[in-house]
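Structures follow.
In what follows, subunit A forms one complex with subunit B and a second complex with subunit C.
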Partner chain A sequence: MSEETTPLTELLAEASIDLDASAASRDEAIRLAGAGLLAVGAIDESYVDAMIDRENSVSTFMGEGVAIPHGTLAAKDSVKSDALSLVRFPAGVDWDGNDVRIAFGIAAKGNGHIALLSQLATVLMDPEKAAALRAAETTEQVYALLESDEDE
Partner chain B sequence: MSERTVTVASSVGLHARPASLFAQAAAKVGVPVTLTNAAGKSVNAASILGVLSLGIGHGETVTIAAEGDGADAALDTLAEVLNTDLDKEE
Partner chain C sequence: MATIDGSSIKKLIVACDAGMGSSVMLASQLKKQLAKSGVTVEHSPVATIPGDADVVVTQAGLADRARGVVPDVPVVPFQLFLGDPAVAKVVKAILDGDTIEV
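Let's turn to the complex of A and B:
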């Protein structure tokens, strides 16, 4: 791989991980994912509203109980640095009819999101890894699952 | 087997919103369609995860393929989706 891609594990700070959250609504879940990005100063607060705008436009549900809320193109200026947050909802969240267990908040400038999403999707395409991620209870487990295995 | 080679028009590439719209369209055409990127990696076009995993950027060339009854019509529909800038939302 010659492309300069930042590993997911480097984009996801421990302060941006919440493995035991609950949310009564999709929007509340998105705000929690946004809070994880705010916690590391990756975004301005206005980005969180843009994440909800985006979700109203098209669902970011990816399958495997995972959603990837992120802002609109117009909100790119609210992104200070590329980052990822992870919020796990053991009891699930009703996400426009889908059962979401994990929300990855995504902040990306420029085209950084393409490589980021590609890495994330590659992990989730392995049903065993996706299931392990939904069940993860420690940050160590999360980091081990998100380790890049692009060499395979 | 029918094939179309298409250049991705979406200004940010085939990521969340365009990928989701494309995969939804692929799921509706009635025949299984495969999507292959320039590096030769193939996925089920109806899988959002699969489409995203290819990491396709704006202006990249992809190949869609299908076989059986309705394959050509399905590919025409999906080629049209790829030819559209799906990021235009405002």
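Let's turn to the complex of A and C:
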């Protein structure tokens, strides 16, 4: 089964990565993740509110200090292209009681992001790689971890 | 409660609200874990879970909506995206061909 693949550096653009951010609240953290998607024109601004709505109904906390905020199905029209953003909070953010160090904002119109999310799941299932991701201080380190190591 | 016969499962659906993020990540893990079993693993928004699913796994908060969409399909709610025991139990039942209660 072949899935449409978009190059990692296009899907998660440097302009959408902030490795040294701080946020006083979960919603502020989500807005920063949304800003990373706005920076590359992947979404309309209204999508950011949908990201917060979604988080209020069902958490996107994944474990290993990572959350993947994204909008609701109803907000899919405000997505213009597949894109991810990455915001790292070295001091952590209280995410409904969970300590979040990295938020991946997700905007998905098609399936271009699936390979990247799949690789992210693989990283998070490996405690050492997950720790390396939380500690990443350069975009090169981020890309090296998220570059798919599978032939697809 | 519903009964799942692991040996009869052909299609497992991971459902979330938008089918955009959370379900994609879990589905990718389950695809790997179930690669040898020949079971089809797909992700889907809760609202459009396909009727030919044999079992649905979804976040606990969405389980009732999932049951409303496919009343005849067993729905397995989970709390954790990574390493949830309820999901692990379903995977094991499929791989071993066991029957479990969910």
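Simple rule for what comes next: the second predicted complex is superposed on the first by the 136 of 152 C-alpha atoms of A that agree within 3 Å, B and C clash if a C-alpha of one lies under 4 Å from a C-alpha of the other, contacts with A are read in each partner's own complex, and residues count from 1 in each chain.
Methods note: a contact is a pair of C-beta atoms (placed from the backbone, for glycine too) under 8 Å apart; a residue touches a chain by one contact, two chains touch by 3 or more.
Worth saying up front: this structure is predicted, and the values here are computed from it rather than measured.
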{"item": "Fit-or-clash call for subunit B and subunit C when the two complexes are aligned on subunit A", "value": "clash"}
{"item": "First (subunit B), second (subunit C), both or neither touched by A:68", "value": "both"}
{"item": "Partner chain(s) touched by A:60 [first = subunit B, second = subunit C, both, neither]", "value": "both"}
{"item": "Touching partner for A:114 - first (subunit B), second (subunit C), both, neither", "value": "both"}
{"item": "A:124 touches, of subunit B and subunit C: first, second, both or neither?", "value": "both"}
{"item": "Doubly contacted subunit A residues - partners subunit C and subunit B", "value": "54, 57-58, 60, 62-64, 68, 70, 72-73, 113-114, 117-118, 120-122, 124-125"}
{"item": "Subunit B residues touching subunit A - in the complex, by the definition given at the top", "value": "12-13, 15-17, 19-21, 47-58, 87, 89-90"}
{"item": "Of all residues in subunit A, those that touch subunit B in their complex", "value": "54, 57-60, 62-64, 68, 70, 72-74, 111, 113-115, 117-118, 120-122, 124-125"}
{"item": "Subunit C partner contacts - residues on subunit A that touch it in the complex", "value": "54, 57-58, 60-64, 68, 70-73, 75-76, 106, 108, 113-114, 117-118, 120-122, 124-125"}
{"item": "Contact footprint of subunit A on subunit C as seen in their complex", "value": "16-22, 24-26, 28-29, 45, 47, 59, 61-62, 80-83"}
